[in-house]
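By letter and in written order, the chains are A, B and C; residue numbering begins at 1 in each of them.
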């Protein structure tokens, strides 16, 4: 997930590096308010934990191992703002002291792993937990949060990659930085992480469960203000942003034969293609031409996908709340210790 | 970017256990950090410069490398990082190997599809069955690899020649808030402590286990270790806070270490600016 | 050095604890009615098995944890959370009482050894010249001069302990609290530490240390306080008096059945698996 230097052009990294500063400032002021003078050691240990967590080899199958990011786990333990600062600190140290991840790409890496991932993941965790979750439900919620948080982070990285050929090319129209368009980069990142995310979810659930056994106060729910509003706002923004990117890349899409893309990367944009084809086919002949445009089909596909995710989150939330109606309300603990 | 690494086996052909791999990775990282500490405190070109100048140099080179279009000029930037590394008493062979391992190899894998006609149509160079490598595709792929290598080389310069302590001093003198510097300094200290703990527990498992357990069992153990690390982190945060209070912590982190630039620092900065300008100028000529 | 004169009882005692209780958040008691008075200039060891509450007691003397019942006085003034909120008292108390943690990794959090040594004096608001002088003095005394520019994480265990002690000494306290000072120290560093303790005794500083290593306690202190596993003081006297009561030490789990003497020195196997000094 760490983007090295060289993949993102200056237009992208400069904007993100600058845009991340106010996010850090907001997170810092939020953390200072909630943790007061304890913020320094707690953020430092959160960052050190985040750093070390990423180094654990976790067995997947047949001797293969993978690493977890852990941003949602930290968000569950310390809150999303603290997770944002902790993971950001770890990323800066990885880049400057260990040579992992690019220096110009620090902003982008922080945006993906320290902003998108913990906030999306934590929002889903809150949503699925509901107001009075049982432990089992919180564990399930943390897993789903970690899964979708990682997928969201990978989509964010995919968008950053996919924008490169649009933003910068030489006189002949050839990419100067990451060479794949949005239509390739986003799905390949997303699909890969739909698989890798299973491990992230398993690890997050396992650690949350183990901590809950030894010290229930650690995973006590913090009261959050308006969690649902900003969750839906965030999801809405994602849904809106994806088509904007696709519209921008509309011309680039046609350059590549879907079969070749499929063979090469091993994912199924063809599935999406079919969806857009189905869309076009479903439109009556008298519909205005722009509706039949494959780009519109893409937008429809993206909206359908997002709606599907939202529906799953919602249904899982309902199913879990039915089962756990009788569970006791956990105590709130603002400051874990 | 894709956090999955399949480890088929080590150099002896025997597959290392999961615990061994983590122990090796973590122990290796600690050892490298300590080696860098020695290297960065020793003699050398970068080491003789003010830390702020070192950081500025590296940022300038990183930005320059990102602005260049020509593969040849990118290669020249990479060679320049090698020259600076050599002048800083860095083993150039190790430098190149590290750039390859940390970014180069992955860039080659990622760029390879772009060299084919599937992604980049154009004049065919080589055709192997369904696979056709095109001239513009190859140019795109090679450029990406060269750019990533140059960027990784630049990054490695700061990692290998500048201690975390010196970076902290540079940040302080650049008026980065003292709380941020304090968190950074404390994090680095605790990373080393946590990594030593992790290495210890993983080595202990390695020495106890005659054969690797099932995947599920091993994963359960790893997750349990992660939970332990989380608990230890939170406990340590409390202890460190107590230690801060005991030493009179009053909410601020004043520092009385001062950095001073010398003539050679300014000379070097001018040289750097000239190099960047020359690189961008040359690129304009070459990549017209 | 602003060490106070020892001896005459006109000075306020360093610490007075009256029926002090403390319990953790989960309700478990760690101190159950401790009454104790420590005079200035005394060297006291608090011994007890793991879980007896000795570390909690030491932290209480440093105003890091507070009694849930009972009362604590330090240097003639009540030591409470509210009192320490008050900047003038906090500054005075922190400059007079120093705490050396068991784990140096916890106590070292600055970018360099120099910053570590300067941290305390800077927090006390001392002028820069004075801070530099104190750093230089304690670096000299603790053989840290060559390490001043190093990062704490790059030091060996013994060096870290020296820096941790140095970081407290630059505050020039008259009372030193040490939690398990010989734990995890190599034999050479242990000898060095015992020398340092002897030197403090000569300068009249108060020292309170915790240990489960009776041989350290026996050599370097003039008073031993034994905490039982029920978190109360069960013995308080000179090391000779306390060590003579083997039945009691056995009962509080400080020694095993096979504790024995060789060459006049009591050699007790600690109940826990801490490092042994023979």
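As a convention for this text, contacts are C-beta pairs under 8 Å (C-beta built on N, C-alpha and C of every residue); 3 or more make two chains touch, one makes a residue touch a chain.
Remember, predicted model here, so these are calculated numbers, not experimental data.
Each chain gets a centre from the mean of its Cα atoms; the one farthest from the centre of chain C is A. The chain closest to the protein's centre is B, with centres computed as averages of CA atoms. When C-beta pairs in contact are tallied for every pair of chains, the largest tally goes to A-B.
Centre-to-centre, using mean CA coordinates, chain A is 48 Å away from chain C. Look at where the CA atoms of chain A average out and do the same for chain B: the two points lie 23 Å apart. In whole angstrom, the spacing between the mean C-alpha positions of chain B and chain C is 41.
Multi-chain contact residues, meaning those touching two or more other chains, occur in chain B at positions 33, 164, 182, 186, 188-190, 193, 236, 240, 244, 249. Looking at chain A, one finds that residues 41, 44, 337 touch two or more other chains.
Those residues of chain C in touch with two or more other chains are numbered 109. Put simply, chain B touches chain C in their complex at residues 33-34, 37, 41, 163-165, 168-169, 181-182, 185-186, 188-190, 192-193, 236, 239-240, 242-250, 252, 254-257. Listing the residues of chain A that touch chain B in their complex gives 1-10, 13, 28, 32, 37-49, 51-53, 55-69, 73, 77, 85, 89-90, 92-93, 95-100, 102-104, 157, 170, 172, 174-180, 184, 189, 192, 196, 202-203, 206-207, 210-211, 214-215, 218, 255-257, 260-261, 263-265, 336-337. Partner chain A is touched in their complex by these residues of chain B: 1-8, 15, 18, 21-22, 25-26, 29, 32-33, 36, 58-59, 62-63, 65-67, 69, 98, 102-103, 106-107, 111, 113-114, 116-121, 136, 139-141, 143-144, 147-152, 154-156, 158-159, 164, 167, 179-180, 182-184, 186-191, 193-195, 198, 215, 218-220, 222-227, 229-231, 233-234, 236-238, 240-241, 244, 249, 251, 253, 287.
Taken in their complex, chain C has these residues touching chain B: 59, 62-64, 87, 90-91, 94-95, 98-99, 101, 103, 105-112, 114-115, 118-120, 122-125, 128, 131-132, 149-154, 167-168, 171.
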